[in-house]
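Just so it is clear, A, B, C, D and E label the chains in written order, and each chain counts residues from 1 on its own.
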Amino acid sequence: MSTATHSQGMFGLALRRFRRHRLALGSAAALVALAVLAVAAPLVEAALGVDSSVVDLFNRFAPATAAHPLGTDELGRDVLVRLLYGGRVSLLVGLVTALVAAVIGTIVGLIAGFYGGRVDGLLMRFTDGVIALPLLPLLIVLAALDLEKVGLPAAFVQSENVSLYRIIAIVALVGWTTVARLVRGAALTLREADFVLAAHAQGAGALRIMAVHILPNLVSPIIVATTLSVGSVILLESVLSFLGLGIQPPIPSWGNLLTNAQELIWTAPALAFYPGILIFVTVIAFNFLGDGLQDALDPKAMEGR
Amino acid sequence: MEPAPESREAPSDAILEVRGLEVTFATDRGAVKAADGVSFDLKPGLTLGLVGESGCGKTVTALALLRLVPPPGRITGGRVLFGGDDLLALSERAMEDIRGKRISMVFQEPTTAFNPVLTIGDQIAEALVIHDGAGRAEAHAAAVGMLEKVGIPDPAERAGTYPHQMSGGMRQRAMIAMALICRPDILIADEPTTALDVTIQAQILDLMGEMQREFGVAILFISHDLAVISEMADEVMVMYAGRVVERAPADALLAHPLHPYTQGLIETLPRHGVGRGRLPAIPGTVPDLGALPDGCRFSDRCPLADDGCRAAEPPLTQAPGGRWVACYKAAP
Amino acid sequence: MTRFLATRVAQSVIVLALMSFAIYALIGLMPGDPIDLMISADPKMTPEDAARLRELYGVDKPVVERYANWLMAALGGDLGYSRLYAAPVLDVLLPALGNTLILLGLTLVLSLAIGLPAGVVAALRPYSRTDYAINLFAFAGISVPAFWLGLLLIIVFAVILGVLPAGGTETVGGAGFWDQAKYLVLPVANLTLASVGGHTRYMRAAMMETLRQDYIRTARAKGAGRARVVLGHALRNAMIPVVTIIALQFGYLFSGALITETIFAYPGMGKLIFDSIMGNDFNLALVALLFATLVTLIGNLLADVTYAWLDPRITYR
Amino acid sequence: MTAGPAPEAPLLEVRGLVKHFPAGGGGLFAADTGTVRAVDGVSFRLGRGETLALVGESGCGKTTLARTVALLYAPTAGSVRFQGRELTGLGRRDLKPARRRIQMIFQDPYSSLNPRLPVGAIIAEPLVIHGLGGRAERRDRVATLARQVGLGAADMDRYPHQFSGGQRQRIAIARALAVEPSLVIADEPVSALDVSIQSQVLNLMRDLQAAHGLAYLFISHDLAVVRHFADRVAVMYLGRIVEEAPADALFANPRHPYTRALIAAQPVVGRGKRRPGDVLRGDIPSPLRPPPGCAFHPRCPLAQDICRQSAPALEAAGGEAGHRAACHFKDEAAP
Amino acid sequence: MTAMVRRTAVALLLLGLAAAGALLPPAAAKPRDTLVIGITQFPSTFHPNIDSMLAKTYVLAMTRRPFTAYDKDWALVCMLCTRLPTIENGLAVPEQTADGKPGIAVTYTIRPDATWGDGTPVTTRDVVFTWKVGRHPKTGVSNTEFYRSLYAIDVKDEKTFTLRFDKLTFQYNAINGFQLLPQHLEEARFADPMAYKNRTTFDTDTTNAGLYFGPYRITEVARGAHVVLEPNPTWWGGKPYFRRIVVRVIGNTAALEANLMSGAIDMIAGELGLTIDQAVAFEKRNGARFNIVYKAGLIYEHIDLNLDNPILKDSRVRKALVYALDREAISEKLFAGRQPVAHSSVNPLDWVYADDIPKYPHDPAKAAALLDAAGWTATGKGVRRNKAGDPLTLEIMTTAGNRSRELVQQVLQSQWKRLGIDVRIRNQPARVFFGQTVTQRKFSAMAMFAWISAPEGVPRTILHSDHIPTPENNYAGQNFTGYVNKEMDDLIERIEVELDRKARARLWRRLQVIYADELPAIPLYFRAEPYVLPKWLKGLEPTGHQDVSTLWVERWRAE
């Protein structure tokens, strides 16, 4: 009687579907490689025997050598190592921001979708309002805010990493809408599902129903949306850097490396090329990855025949 | 694989002859035959009932006749002879001329089978426009006439409404009107009343009978509901896991089913006179096409199965009274 | 429909009112004021001068009071003066808005004209070579940093090939339609390349979803050919979700315009907003942001109307 | 448990139950466009170990009635007494004991099980919610239940999508039984199942009823199943019960024209090829705007002026005990 | 993947090379009667006296003339006046004001042929009107100091007038900032002074010929994009060569460069154009096609040290900070030696410059010794610490987005790091940096920016102890370092009123010595303005000070 019709779990099925998606697979591999390299930046630095924070005015724009596989930049620092450190920051910003946005979006969407009615109406009008905002101009206002006037402690405001936190906060504050809409839509459907009714009929509380019955069923779309948004956050960071509002030197990020280099585009095009291509490759990889995950985790494909 | 039993059966009055039809789906777990050597005939003015449980290949068989099997499914064998042509060998362009004009179809879900953004009238008239090159006004008038025929009140007004503005029963009437507007030779009805309430179902079944009498159309009537089939069909074909297991004139099949599966199906139905208490049941579950038992695919649920059944698949063989059955143990 | 429109206009007014206060408050949270900037530009200014100017520009009062004053004046039709351009805000804004709308309009038309057919083609043959190629192109467009692409375009077309101007709106003195058109090519191309990918992807997804629907099978069962199925049955249905997404993207387009306008020295809204915020031109920044929001809201409204036109199931009461 | 119910009190007594829904709108600016009168004054009783079937076509209010009784909806008006205790107007906390005794089985075995939980957790969930037993006790209880519904111990770690429809319905039944209910509300429990599986599940439900003394409120549109399974049958039309009787009496001697039409419309195996006969005309009216008088009058072959003006009450009919019908002509001979 | 990356990299490199080498020459066939100048900023107003802004000054200098200006040799000359008044020639007469303060009466005569573009002569009526506008508290004229000091004007006739100041400084005859307004156009608009800044003809009708009397007048304004200038028929001087001058605004310097290469603009203004390192790089590639002229001038790049900072209070630390730096190398490597290292705030081109003052060449050993002496001892390779164990950590701030400064900053950071000085970078957008951080002394240690001054500009607001910004004085003054020195205060006051050049030179020398010795700021270098000019353009002479090169635009010509 207990013959299970499928021999493998949902995860296995998704994994197999995903493996068929060659671009996504390649993207995942590329991203892992990039992340590993970025995390290992100090090791690479040590292995090459260079110190990327030390300026060497006598070795500016050096061509590629064994010590500097990608040459040096306008201040004689190793380009490769700086790119890796930049990757650290860009990937970190992308991932953290996307996660924070996903958390906010999930909470808003879950509450709106679960309670429906006026709560939903109010939250969704608010979400629509945020979506209607001209994003970039608003980011500029937000980026120019005086954090001390907002009431943050001076010690925090003056820390070197504040531009990093600022970017994460700002982008997450406006970036949650996609996930919120997604979660809300799915939650509206799920709350009518019989298994949710069943839980209601048992007298389960709202928190339990959201946590046990609704949220786990939203994981796939949230993962997909978050993956896709990592890419757009990295792009957005580079755009803000371009406007001088992104992550501030000396913290290197691909965005500010590229922005710095664009003035040197005539002198040392490679300096602009590398961060540009890294942003491009990373963003496109996250997009392919999201696309592949979407196909792999699609519940319609899940039920299968 | 046994040869399709076509040699001994070629009645001249058949309008459509299906021989050894085979539809294969590429799945994650390899190729799976959703229809495996299906053969039957359709005769003008008569109804062939096709009954079976979910996943038995009923719908795929119907779609294969029109070559509308959705990917990843493909027709991988057999012939569909219609008016001297093998439909499976025609060009896509030629097939388009057959669809809706010579063979048309009524679907299960009247809600989703209509395009939500076009008016009912336009959708009914479309077949005329496609096949007869009818002008807009002319086609529209014909559509209104057809709506009236299928018993829709205020047909002229209704033609201008959108599907969502109609009730389910009305939509199914409109669907029948759409299928019949080009006066086809064959109507394939895939569970046409499953989504409807009983009182509406009765209306639609009556309508289909009326239309058959008026147009002399041959109907392939597909349903999982043996009761509906028994009221509609002249001949009944039972499918199990992609294969035809029994085919016979309706009265004979219902009165004396030969295949154990058919027997089970009839016995499990709650019926007047059976009384309350336990119902007879077919044990086990509907098989997964990817994991069929060896030999007869019903063998794992069959009370009569022996080693012979599990060794080789029984072919569909002729039995007395114009009947066919695929079982070694078929009750004579 | 009238009632729906009235409701939506009322909603938009509320949103704008809320926005205006939010922006005003945000601007209040920005450091410094216009006078600080004047001081840094003119070292000889005395504190008395600064205090006098603060009063003159009305920046010596608390934010709420300034907002109330601004709102009263705005309701009376006076949106104030731009400090940065020494002109009434509207005089500065409207030409810029016009320029941006030209840019955005052309981009929208072009990217839809390319993106939608490409998406349809990709959806018709999913997972084919064509589909992969279209996808790759679409993803590339989404993923490339717009300002980087803009610079590349300038280098290739303006510098190396010398066939197109690198920036601006028209050749000084050499006006004329074709001349202006020439100046639009690169910015429009830049923005289009960045937005066409999204349209393609949405269209592809919507089309694939639509082609799975039962009524497509119905149409095919009627004998409708491929063209008829796609154009007559699927397209309009597939457009319904696409329209919504495009409307939602209106805000993003504005953002893209900002970058493009900066790169191509194109005097539009995006650049104006950026400059006004950076230059502490409160009035201009506020009104420009409100206009940008308004345009987005109008875009959304148009989308709703289109939506209703596309989908008879929607009735706006 | 508080003071035990009086011995003669029925398990469930529903009186004058009304459930209305606002139709459409609900948005910030949209106005309500009317009221859906889903359940409009329903009364019935259900004894211990008894099976009452609610029959009717889509939109007749049977599912709303079931969910209101299952405490998923707060009734607009009327009373629901369970084991002698009034349930309407109680808070979440006060309802919990009753919830444990009233369990539900749903129609669609695909949507009634959370796809992200293993089967063991699904069956154990009511135990967790009602705070029954420790971890080990729950495990044992789940194993017992699984055995009772014909599932194996190994199945408890699998996920719902790995099971067929029939097996899933068994899981749902096991979940319902976990907290030892006395009333199970089964909303079309077999209509989504294949014919060959339907009888398995019905048999299981019957066995369990015998073993646990369950009462069923059995909702179905399938007269054949109802006739086989129910002790008593109530026929609903547009939010009201139009006829109620012991199953045999209802099928042998239907007194309401709608009941007759339903029975006539039901296809029957072996009756021979269909001849066009007396088929009920027209569609079911919208519960948003039910017709005045007797709601069935626009489709009724017997309708007279009185039917258009006054709604008939549900009164004794047909002569047999417990047979009631709501028709002005309930005592006339069938046409 | 890597192969693709490499191939694309090569392709891009080739693009760059192609751009550098094989550029199409701009169309040479048409006669060069138009000059297109690229600048990076658009004027916010065209009113000469409201808001000071370099872009406006640059454009307006082609359309009008001040009475006096410094020429390219940094000598004061007459432009609108006929003769420079001096005490020696009797046109300037020291006198006492009514309340007994030393003042001076200076007499100027407007050039007789000076005429507004609409034919109205430039007269003393304009002078008086301008003064009236300048003095009015509601007009929005940003700097009223001059107008207040000018307490009376005696009008002699249509063209001659005497200005009477209540101060007597050595700069008594320099009225470079006194920009005439056309009384015949503006008086009516001034009827409501509050609304004047919004109604002035300069902004509501910028192309009105009557606003200009210089060699060119503005004939077209596309806000944010360009300004077109054409010769003014009433101009008194030599006929300008170009039939039309277009000033195009392109904010992004990379795009500016691209526009130059594509021939869309002819030259990039030095005053508002490329950064020095961009220009240096540009010269390397395109030196053959363009003349790159560098003019190091009065823009003094330095780092203000917050003297309230406990670490920086110690002058040994300040000196060590400078010794630790190799400013010569920075100048040489980053700026191709075009920006001379500064030793004080006074430019060597200024006649008051003194060479014999303390200088701080790169000397790490001395720096280390000074730090050790100040109690900051090295612990291995890490950051120096004092006895209390506090690290030698300082923060440096500058304007975010200014690439040159950000580059230099990172070099400085690196050089300091070698001596165990931990310097953290925290930059802010200019609006924040100048709007608040610097002006309200909110930087904790170091703020890097530039002072722009006139020749022989007295650093009163920068170094005088009365000018330390505090909340009490509403953040007036620019002594951001918080520098207090009685002698310095005294020197500043004396320099201002010392009319004798020799005596003044002595005072100036003393000021420079004190400055260099006490180091309230770290002098970096004098910024050079790179003029990127086409080979055919002649006659453009950079000044290196506030009076922009366009004041002599009529001498520009194509050859």
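Here is the rule we use: contacts are C-beta pairs under 8 Å (C-beta built on N, C-alpha and C of every residue); 3 or more make two chains touch, one makes a residue touch a chain.
For clarity, every value in this text was computed on a predicted model and none was experimentally measured.
On a Cα centroid basis, the chain most remote from chain B in this structure is E.
Chains joined by the most contact pairs: C-E.
Each chain gets one centre point, the mean of its Cα atoms, and the points for chain A and chain D are 49 Å apart. In whole angstrom, the spacing between the mean C-alpha positions of chain B and chain D is 32. A straight line joining the Cα centres of chain B and chain E is 89 Å long. Centre-to-centre spacing of chain A and chain E amounts to 43 Å, using the average Cα coordinate of each chain.
Within chain C, the positions touching two or more other chains are listed as 11, 30-31, 151, 155, 262, 278. Counting partner chains per residue, chain B shows two or more touched chains at residues 285.
Chain D has residues 28, 164, 167 in contact with two or more other chains.
The touching residues of chain E, when paired with chain C in their complex, are 15-16, 18-19, 23-24, 34, 36, 44-47, 50-53, 137-138, 140, 142-145, 194, 197-198, 200, 202-204, 220, 222-226, 228, 244, 246, 248-252, 254-255, 258-259, 261-264, 429-432, 434-439, 451-453, 461-462, 473-478.
Chain D meets chain A in the complex at residues 26-28, 67, 70-72, 92, 95-96, 99-100, 102-104, 106-108, 110-117, 122, 125-126, 129-130, 150-152, 154-155, 158-159, 161-164, 167, 172, 175, 179. On the side of chain E, the complex with chain A involves touching residues 1, 5, 8-9, 12-13, 15-16, 19-20, 253-254, 257, 275, 277-278, 281-282, 284-285, 326, 329-330, 333-334, 395, 400-401, 403, 406-407, 409-411, 413-415, 417, 424-427, 429, 431-432, 436, 444. The touching residues of chain A, counted against chain E in their complex, run 26, 30, 53-55, 57-58, 60, 74-75, 144, 146, 158, 160, 162, 244-245, 248-250, 260, 262-267, 269-270, 273-274, 277, 281. Contacts from chain C toward chain E in the complex involve residues 30-33, 36-53, 56-57, 81, 83-88, 92, 95-96, 151, 154-156, 158-160, 162, 165-169, 172-173, 262-265, 267, 271-272, 275, 278-280.
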